[in-house]
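Below is a structure I'd like to ask you about.
Think of it as A, B, C, D, E and F in the order they're written, each chain with its own count starting at 1.
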Amino acid sequence: MSLRDLLSPFYVWQRAFEKPYTTKRPTLDRPGAPAYRGFHINITETCVGCGSCHTICQNHAIDMVAVDEYVGRDGDSGLRPRFDYGRCCWCGLCVDICTAGSLRMSNEYAWISEDPGDFHFTAGIDDKPWQENALGYRRAEGYHLYPPKRITMPMLPVEESVNTFDEVVRGYDKEQAKKEADRCVECGICVATCPAHMDVPDYIHSIRDGDYEKGLQLMYRTNPFPATCGRICTRRCESVCPVGILGEPVAIRWLKRFIVDQVDKKDYPRILNEPIGESDFKVAIIGAGPGGLSAAYYLRQQGHAVTVYESRASAGGMLRYGVPSYRLPDVELDKDIEHILAIGVDIKYDTEIGRDISFETLLEDNDAIFMSTGLSVPSSMRIHGEDHPRVLSGLQVLADVASGRDPGIGKKIAVIGGGNVAMDAARVSRRLGADVTLLYRRRISDMPADDEEIDESQAEGVVIVQQAIPVEVLDADGTERVCIKWGEAKMVDDPKGGRPRPVLQEDRMHTETYDCIISAIGQSSDLGYLSSEVQDQLAIEWGRFKPVEYQHTMMEKVFVGGDFANRTADAISAIEDGHHAARGINRFLNPDAFIKAEMQDE
Amino acid sequence: MNTIDEILDYAIDQEQQAADFYEEVAKNAETASMKKILLDFSEEEKHHKKILQAVKTGEHELTPQQEILDLKIADYLVEVEVSKNISYQDALIIAMKRERAAYELYTDIAARVPEGHLREVLDGLAREEEKHKLFFETEYDERILTDN
Amino acid sequence: MTSLNRHTLTGHSAALDFSQPEPVDLSSGKYVKLWQGPQHPGITGNMSLELTLEGDTIIGCKTHVGYLHRGFEKLMERRTFIQNFTVVCRIAVPEPTFNEYLYSHAVEELSGIEIPDRAVWLRTLNLELMRLASFLMWIGGQSGAFGMYTVPNWTLSHRDFVLDLFEEMTGARIYHMYIVPGGVRAGLPEGFEKRARDVMDSTEKMLGQVERVMFNNAVTKARSRGLGIIDPEMIDPYGIVGPNARACGVARDLRKDEPYLAYDQLDFDIITGHDCDAYGRAWQRLQETRQSIDLIRQCLDRMPVDGPFQADMPNVLHWKVPAGETYVKAECTRGEYGYYMVTDGSEYVRRVHVRGPSYTHAIAVMERLAVGCNIADIAGLMVSLHTYPPEIER
Amino acid sequence: MNEKTLNTMLEKLKQEFDISDIVEHKPRLTTFTVSKQHAETLIRELRDREAYTHLNFMTCIDYIEDGIFSLVYMLHNYGKKHSLGVHVNISRNGEEVFSIHTLWAQAWTYQRELREMYGIRFTDSPRLDEDFCLEGWDQIPPMRREFDTKKFSHERFGHREGRSSEVPREHMKVQLYPNRGGDEE
Amino acid sequence: MFKKSLNTEDTLENAGLTVEEQQLFSNARPQAYEPYPIKAVEDFANWARANSLWILAFGTGCGAIEMRPLMTARFDANRFGVAGRPTPRQSSVFVIGGYASVKTLKRIVRSYEQMQGPKFVIALGICPVNGGMYFDSYNTVNRFDQYLPVDLYITGCMPRPEVLVAGIMELQKMIKAGKCNGANRYVDNFDWYKANQKKVIKNWDMPDYNW
Amino acid sequence: MIYQSLGEWFDKIGNFSLTLLIVTVYGLLMGAFIERIIAKVQGRIGIPYKQPFINVLKNIFKRTAISHGIMFYLGPVFRIAGGIGTLAFIPVIFGSETFSNFSTAGDLFLVIYFMFFGQLGMALGAGESGHPYSAIGVARGLSQMTAYEVPFALAVVAIVLQYGTLSINDIVAAQQGGWQHWTMVTNWPATLAAMLAFLGMTGYSPFDIFLAPQEIPIGPPTEFHSAYLGLLQLNRALFGATKLILFMNLFFGGATGWPELMLKTWLIYMVAIVVGVAFPRYRVDQGIRFFFKLPTLIGIMSIIYVQMVLTA
């Protein structure tokens, strides 16, 4: 024991003359740090209810509960996370995974209650004092729990693609597909948006597992055109994919394509091996497009004798005659169609209703009819000079090319329109060696065509002139060529809502001469094969079928579907219409079975 | 046509004529669906007529100064013949052209009368017809010019 | 009585004699059985000691644990790889980040992920701050165990200042959940460096005071000199690691021996002592606390200011780690902290074993050192071994 | 540890003991499996002859699908800075195992834990049957893979009521397209 | 004295104890705390109770880690009349520091019963509410209110010392208002609580009541 | 003690009650004040001044549902009896009739007896509680007491020899007339020995092992609760203040008024605090060894000093 050891401890008194460490008012003076992980905030407007927070929460602290306000919005499940603060550990994984970036944490941390049942709340819906807190934990910039960027799709280089009808998109390899499939958060929001309600998360899951056969089976449950849809689907699913809110959506279409690409056609019967039911019913289907064939496929599975009547020489409808082969090679389309036919669907080519066989006979001979004749009539622009011989329709040009005929378009052409048909016509024309100018009434951003299509067509050298309203078609004096007069448009906001509308500016007119003009402003259905009585019975209103359950029309045996009925004009809705009609026809043919089944359910 | 009432009566009559026109066309239409559309147009015109009647009795006021959006679609489309199997597109074109004609008529007359209450009424009627035209043009823009 | 195993420090064989003391006849009235804990302020955490006394002297000690057993290793088998990182930090409350780091490191090693440089430095800083906080609490605990409550008040306040730094850096005070497989969750907030340096300065000043007050203290010395002497012979057979071993002069420090993170780029030496008693261990830890402050300053000096702090990661929602087996370890305040992980290629881990240094320190070592102690010294002895029950039972 | 000395050592051990499945996980960690008969001697040899003096830990992996427990002894050589993981496979149904409590002081604690968590018995290990972490445990040893902790927790401890959650996909189906989608009727 | 009164009507069996051990514990049922008949006296007593909360120093879970800053200089709970007390006899507040493993629950129950009324329980963190982090653990209870009456819950993982201070202030308010009667709830539903406790604590080698 | 009449008795008792009240309240207040000083050293704010009163009240209002037998009840009673008894024979304010209590010729012996009496009573009560911690605490407390009583007793003997009286009043009287007459100056070895014993007596570090929460909670009063604990707390305040008054009287010239008393007692108390916050606690064997060494030596020295220097 040294003297130092006795005296040194008295240094302790030094502290008595300093400021205490104590926080004066601990409950008031110490808010959480700016990035403190306190109570949850959810911006319910941005949230899409994907449930990733629910999935990642290791404590099962998050329930997804229905919030009426948000039910029925496209790309929104109508569910919002509800937190159980008897479980939450404030790890913030839910914030990190939040696909919409709507979930965050406040720096509030005090919640005291006598009742243990109190600690529940739906963030953003239940009124809590911290909802407006500006501080708190946010996911840091550059920190992700899933890759936000899509795996780049290998494409044919533009220099090559512009000269060939070979498929532009090369497709993922296994590694890429696995990586891309890995980005899926398996929320299933896309399932609702997909017109066919395909099991998107499940077949993406099968890619991760490497079980492509299972993926194919899953796809065929809702869609007998996976090879086709894997290439040209309008993929509304991707537009609502929550992963796409802060990053790029999962490439659902390419993954679908990937699965089909992995499976050889000759393995289809073994893999799918659909059970064919027993039935004595006969069903006729008018139109061998996606809608008709889809209905045929699902009806055939029930065992009905299905006959498809097709006016052209090949099946596929718009898929074959409207979609150019650099987007959808015939061989891929055939892969789908051949399997449908393989399960025993009978098809009669070059058979036009009204010409070769009357609708009434069909009605007589069959137990049910499904009509899906699509939109085969190109819309007319109804401008002066439109009947000029050098004004071609986009549909015609595409059909000619698909059938191997030369559409005879010349070297310098104009395409009018902004939809996929216009794009296809333009890109086909480029491949045929023409300089293409595309005139569109509105802005590029308003185009209904796929963004990819627009980008690719521009890359391939299509010149897009936006806000150009064609006003008149003129003869180019003394030549085979044709003149078009068009006026610039300005975009005007419609006070009643809707997208901005283009208004012609009469003082800004242009005239240009082309070898031909391809008009692709829209199509309508041809009801010519139906007598007016039948048309009356079908009760078509404002150009549409009156909606009845299961694609049923007002006529007893008649079901309709596809572009013909739904006007969304894409293959996937036609496919779902066909599927749904098949379901409806089934119910119609076997009402007892369904009543029994429903009674059993209850 | 010197008094306001006279002008309004004329306008009401015009609307009635339009309604009759659509009914007549509907009678000849081939399909029930097209018939329905045309009868709807006719109803629309009758509705316009009612508005004008209300203006006459003072229950409704015209709004001569109002800016109405002009999509100018009716300006450059071709004239369409009335026929039995007329399409929806054509029906819309006929309708918007008729409204445009009425609008032009009132504007013309308005330009000729001196400034005052009468002119205001005529202007108001013109606006009213413009509104009707916009209705059909919007429908055309939405349903026909879908661009796909 | 003769059969009672009174360990002495004479001869080498004593260190290797692991036999259990034989039970004594309590009904003789000569001995008292006394339970210390779990409800007892002198116990480090929620555990208990079953003591057999003869007078004031302990002749038998049994450690009882399990009061905090939550079955982490089982829970981890049914959570995905990302979910586990939030769970592991709960294994050791005073220094959760070592768990986070080791778990993340094991997963990264098995799945072949290389973390970016900035994440390496942020992790190093985080671990060193944690070491500092833990040591500060320990100093308070050791002082408190001998009945001096001034020092705990000071050190725990400074620990709280370090926790404030953590709060800024990671968003939480205790369970930071900052080191995530693949990197860290965020960079440093603005002005952090300055605030950290201020805390380091004030803590260093406070440590000076603590040294004068607690270490140069006749009573502390009287209490802790000669208490719980660890024979250097015991170190390997008993698996003694960390400061407890270094205080005996055995220079083993994983930061130097098998450098991880940025430790091979930091400038420091292994500190060793030569007193094998409680005082020596306390002195050792005081020096290591200072070293920790120095290391934090070095980290702050050399911290990359930008760049990614997370490696490219798969989607964690269905993350499968390839089949494999690894053992990763780091030097925590108590010594070698290790994670043994076996994966089988699924979304869940096959087996994780968490090796905490307290496992040996609090049971085998404690039970041996306690024998012959005065009953009043048991708390001091226990704290001097720096045991922490949750890492024993997990 | 340099590769050559490691290989020499392993070769030497291979000759004496029944060693298989040698895997070098990283430069500082190698694991292998040894038969149960040779294991005790091997571990002792490693400690005394090869200077693997530090027992990092001892644990067990349940390979329920193969019907075995794999005991893992992680030994460390401070001099060479190298760890050796020794796997010993034993049958899952109550096979008794040698005890290493005479080699390391803390080993009996591990063995006591393994007895409690897996139900493995170690011959002559002290205090083997004393409760370690659990008290009054009346189920199968909890770390065995067939023991479902969540189910058990739910049954014995219960959860607070008033919770329910919807699956977005199912919820949307019911709300938006009840008759459509993939389910065949 | 109380402990010898083995034959009163309303006694507990304490079965499972050895005869010697039975002698060590009371068999009498616990009795509810009756407020003083004069309200002013009761209010005054409550005021005194509220301003002198002695916490039992039993760190039952992670929560113990935040008790240290709370009791030391940074947050200095002493100035609110809070003090740590190492013996249950003298404590009036039991702070459940988070999860309770079955083994600890047994000790908690015992310590709680040794506390003299009026006594209060604060449950920290999420685990006592609904299992928290360890909702699926085989060794921790999920709903603490099944086993002991809780007067106040503070959510968080861990709740910061600041919230603890806020919780203590809230508890003080409740005590002053005479609303804190968890201990009486325990007495009223004694059999229910005991049954729940025995459901999870399988080796019930302690007395049913041991005050 | 012979008083003229019963009325005078009542007066005495009344006066004593007043003294008792003042000293108890003062003791409690001083406790809070000292706590705050300690808190200041620890970097804290510390308890409010009212806290000790609330604590006592709370404990008295607390319910008791337990007993360990008669002796268990009597423990606190003996203890407070010891405290009151000690105070009863100490003249608090020198020269004041009201605050002279029952001070008589041989009161110093009585006081020392009562100081022991309380401790022993407590020991019996705590022992009855049956708690091993109590028993250990009691053993520690008593052995430490035995140790510090030695230097204290030696110091007292020294001053008894010095002043030749057993009356505290006389001892105080002898120290009047300025600080140079205080025992502190005239017999510094005795004061030193007594002050060292005082460190042990107050129960602050380094001699607080018998109450230590870390080493064994919480010493003798482990099982005491509610009103019993309230009594113990009251006694601690009362007895603490009484001891200070005794020390003040014996070694620091007593006090002629309350302010003087408060200042002096506080300063005396501070001696224990100054040491207390700076040191951990000794184990009991170390404590005994400590007291048997230096303080006892000084105590013996003080007697020699008295004999050789003062009375020579």
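Before moving on, here are some points about what is shown:
To be clear about the criterion, a contact is a pair of C-beta atoms (placed from the backbone, for glycine too) under 8 Å apart; a residue touches a chain by one contact, two chains touch by 3 or more.
Remember, it's a predicted structure, so these values are computed and weren't measured experimentally.
Listed by label, the chains that touch chain A and also chain E are C, D, F.
Chain centres here are means of the Cα atoms, and by that rule the chain farthest away from chain D is B. The interface with the greater number of C-beta contacts, when D-E is set against A-F, is D-E. When every chain is reduced to the mean of its CA atoms, the largest separation from chain C belongs to B. When each chain is reduced to the mean of its CA atoms, the one lying nearest the mean of all protein CA atoms is C. Mean C-alpha position of chain A lies 39 Å from that of chain B. Look at where the CA atoms of chain C average out and do the same for chain F: the two points lie 44 Å apart. For this pair, chain C with chain E, the centres built from the Cα atoms lie 31 Å apart. Chain D has its Cα centroid 86 Å from the Cα centroid of chain B. In chain B, no residue reaches two or more other chains under the touch definition. Residue positions 40-41, 66, 69, 71, 74-75, 78, 86-87, 150, 153-154, 157, 160, 175, 213-214, 217-219, 222 of chain C are each in touch with at least two other chains.
Across the assembly, chain E contributes residues 57, 72-74, 76, 79, 84, 86, 103, 129-131, 133, 135-140, 143, 157, 160 that each touch 2 or more other chains. Listed by label, the pairs of touching chains are A-B, A-C, A-D, A-E, A-F, C-D, C-E, C-F, D-E, E-F. Residues 37, 39-45, 274, 277-279 of chain F are the ones touching chain A in the complex.
The touching residues of chain F, counted against chain C in their complex, run 41-44, 132, 136, 205-206, 208-209, 212-217, 277-286. Touching chain B in their complex are the following residues of chain A: 379-380, 382-384, 386, 417-422, 440-442, 447-449, 469, 471-472, 487, 492, 494-496, 498, 501-504, 506, 521-524, 527, 532, 535-536, 539-543, 569.
Of all residues in chain C, only 18-20, 65-66, 69, 71, 73-75, 77-78, 109, 234, 236-239, 252, 257-258, 324-327, 329, 336, 338, 340, 342, 350-351, 353, 355, 359-360, 363-365, 368, 393 touch chain D in the complex they form. The touching residues of chain A, counted against chain E in their complex, run 20-23, 26-27, 30, 59-60, 84-90, 109-116, 118-119.
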